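What follows are several structures.
Both of the next two complexes hold chain A, though its partner changes from chain B to chain C.
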Partner chain A sequence: MTLAVAIDPNMLEVTVWTRGVTLAKEARDTATLLAKAGKAEGKHVQSFDNYVDLPDRIGVPCKSYARISPDPIETFYEYENYRPDIVVLAEETLVKGHNILGGAKPGCVVVINTARDPEKLLKWISPKENMKHLKAVACIDANALGAGVMLTFDGTEGSGDDTKIGAGVGAAIAGAVAKATGCVKLESLVSVAENKAAVKQGYEKVTVLPVCKGEAFACGLPEDPQEIKWK
Partner chain B sequence: MSKTYKQVPFAAIVPSPTVSNEHMVTGNWRYLRPVVDKGQCTQCKTCWIFCPDACVDFSKDEGVDFNLKYCKGCGVCSSVCPVGAISRVPELDFDE
Partner chain C sequence: MPIKKRGTGLTAVADAWQLADIDVTASYPIRPYTAVMAEVAKRIANGLMKCEMVHGEGEHAQFSIAHGASMAGARATTGSSGVGVAYAFETYSPIAGGRCPIQALIADRTLDPPGDFGSEHTECLNLRDNGWIYGWAENAQESLDNSLMFFRIGEDPDIMLPQIVAMDGYFVSHIAQDYEMPDQEQVDKFLPPFKPQFRLDVNNPVIMGPQIEPEMGPPLEWDRNVVMDRVKEKIVAVTEEFGKIFGRKYAPFVEEYMTDDADMVFLLQGAHAVTCRSAIRYLRQAGYKVGMCRLRWFRPFPDTALKAILPKFKVVGVVDTNTSYGAAGGSGVLLVETRASVSEVPGKPLIQGFTSGLGGETITHEEFFKMAEMMKMTLEAGRIIQDAVWVNFNDYLPAVSEVQAAEQQVAQTKE
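Then we have the complex of A and B:
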């Protein structure tokens, strides 16, 4: 008997990259918010952290995941998103030196928490052979919209943390993801987030750069940013 | 068996690292890069002593230099520098 790996054709896979301790909670919030918003829309969702990363070290790159599908999700035994549709970077430097587009599906969207221009970040995105799958790079200065929740060093690893889901930076990033990809609706995201103003501001202030064949504006500028629609 | 205490190496002194672990490259943990101002640097080697990852290279010609493949950007070097010669610059300000 062989075990077949389930393939969910309509499943959206969201990978949120982050930094250990300083931003780990915010990335988990972003993934959880997107999953909860999907659930509020009646979709099937999963949300979890990477089991291999050790996020209790300051600054270590680590990942959180969300999966949203209109059909029941049969992917239970893959503990990472090997084929991401949406890649979110909770901290801008992660764009450098990480294979953030590894296994990316065609039409992948990258959302970066940065005050820099998306054009300037394009050159660092790797691996280069997956650049043809990249549809857009979105930038949101979420650090200006909310403060990160820093976990303490008392050994409780956040268990005594009583900030609710989506209280800080993660909420603004989730709003930006909703605008840039259309994976969830703004209303459902607002209904599940603690900091509703940050979600709305993130939704409004995101800058989306359409990318085609690895270059900005290679396929011309769409008339309306909303034209970058999801599936 | 019969070594005098002066012949035994001092406990905290270990050989300088000569091999690097290719499976644990930590340079991409860093988001603030240490940059030394060679004009201000007095070559006191305080950063070389304090660096927890032995990422500070020192040579008499070049002075202080950093091994950016393994530097995590913890900032200890810039904190302990007595003359403030080491600054921390955002990693994305550098192309490489």
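Then we have the complex of A and C:
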């Protein structure tokens, strides 16, 4: 690089990992909801699916993205979120075998849809050299919230999505992300989601584990212990 | 009232086709083109569009269906991507030579191997010699506007040529962005119904595309050649009229950005112009006197416009997002055409070729910075330091210090 400038320095990048077909729509909904909520707050936003992931294959790992920025987005046509601030796993087994922290910025938060405790999943997160950037792992059992797992077929492929945005577990996961990261406000998320109860439940039920230097509680308890809820 | 929408280049073109009240569309799925056919099918089902949708068994059939429909007097559309565009290759010359003004949407995709979804302009540029008129849109709004303008130009009784609304696959075709869907009333004012002078009609039989004698060939080809010059005049008039009716003013051939005092410019087409503009703002802050020229048309190639514009600059960096292996200059098609356009013009600039953004890779800010740095070196050297630069593969940044050292040595020996 010949010119050392940071492009989009204030942009928040959210990467939602999911499984092709079975959960692709839900992950796209999580990303879309976060972007729409950001837009409702007057931010500049984008949300899109990863184009090269082949989401039409059942169970294949694939990604949806959201971007929220106070300034106009200059890397508008960049394919992927190369430096995520927030990593969401729509399904827990994705934590294994994928470099979900690849390119992660310092202070990165991981949100996982799982019935397990965050501490149980911490050891699987990779790559290890980026663990120092990890600020917290949050878990939400979105599948158990009664919002219902919606099995949908991915296929907007650039055309409009006529289905309801945020009717299933994707809405609950978005709620959990809002609580764990503060990237958008609960009210704005509720205002754009189809299933408003799911958003609120996700927001309330999320478990947040602070991480420091790659280990749980290594930097002591946060100032407000109420933020942490153990099952 | 125009409607503010958030959608992709593909929904935008579906909007244009809806507003243009197309009669026939021929479809066959291939990424990234597919969504436009999904959109049109949905709109027909929802009663928003009245149009015959015919599904071909492949792209060759798809373009042939549109060809036939056009001969029968229909406003017909179709489209494809990547290898699909290649599969229909035989049909392009007959459609253009038969003066059937169908419209195709081509959302670029690389050709195989090895099978990649990303945007490269190669497949669309491959059919540049077949008499279709086309150019690239940089965003959803421009693809909608281009679709309407292209119908108007292509269907003009003086022109009668098929058009391609080209857009970069994924960037323009899939990334949601804000655009405005014009009012039906505005479109009706701008685009009259398609009424060809001749059409297939059982009551008034005509023959279209018959076998001809050799001596009948040259006049036919001469006519196809002459019409391309008329297209240029028509583009100027229609682009201006479009601006008056819709309020969006486009440069007819070449959009210039920050070129007033520029020593060097990027010359490119399509979606990468969006990142390029942003990169130029940073480069300007860092003291680079750089600008951008974006081609709105590839066929007819805007050589007259470039003859007038390019001598203003000292270095032109042509960014090719396509391959033409073994071409003069070792880069892509744009470089060849640009150099040929100004080759006989006094005071022509140094024209450097860059190949970048292949396989659908984004051309990042950093890559534009790097190209600007190389152009600056060329500017200072006053000559082409190295031809055929493929960005990130054979940049001449590291080589330049050696070149300078060698030149100093030569200068010393002369003393």
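The definition used in the following text is that the second predicted complex is superposed on the first by the 199 of 231 C-alpha atoms of A that agree within 3 Å, B and C clash if a C-alpha of one lies under 4 Å from a C-alpha of the other, contacts with A are read in each partner's own complex, and residues count from 1 in each chain.
Here is the rule we use: a residue touches a chain if its C-beta (ideal position, glycine included) is under 8 Å from a C-beta of that chain, and two chains touch if they have at least 3 such contacts.
The structure presented is a predicted model; accordingly, all values stated were derived computationally and were not measured.
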Chain A residues touched by each partner, larger count belonging to chain B or chain C: C
Chain B versus chain C as contact partner of A:G160, first or second or both or neither: second
Chain B versus chain C as contact partner of A:S47, first or second or both or neither: second
Partner chain in contact with A:G97 - chain B first, chain C second, else both or neither: first
Chain A - residues contacting chain B, complex: 19, 58-61, 91-93, 95-98, 116, 121, 124
Touch list for chain B against partner chain A, complex: 27-31, 72-74, 90-92
Touching residues on chain A, where the partner in the complex is chain C: 1-3, 5, 7, 46-49, 51-52, 74-79, 155-160, 162
Of all residues in chain C, those that touch chain A in their complex: 7-11, 14, 31-32, 34-36, 38-39, 42, 117-118, 170-171, 173-177, 271-272, 274-275, 278, 282-283, 286, 360-362, 364-366, 369-370, 372-373, 397
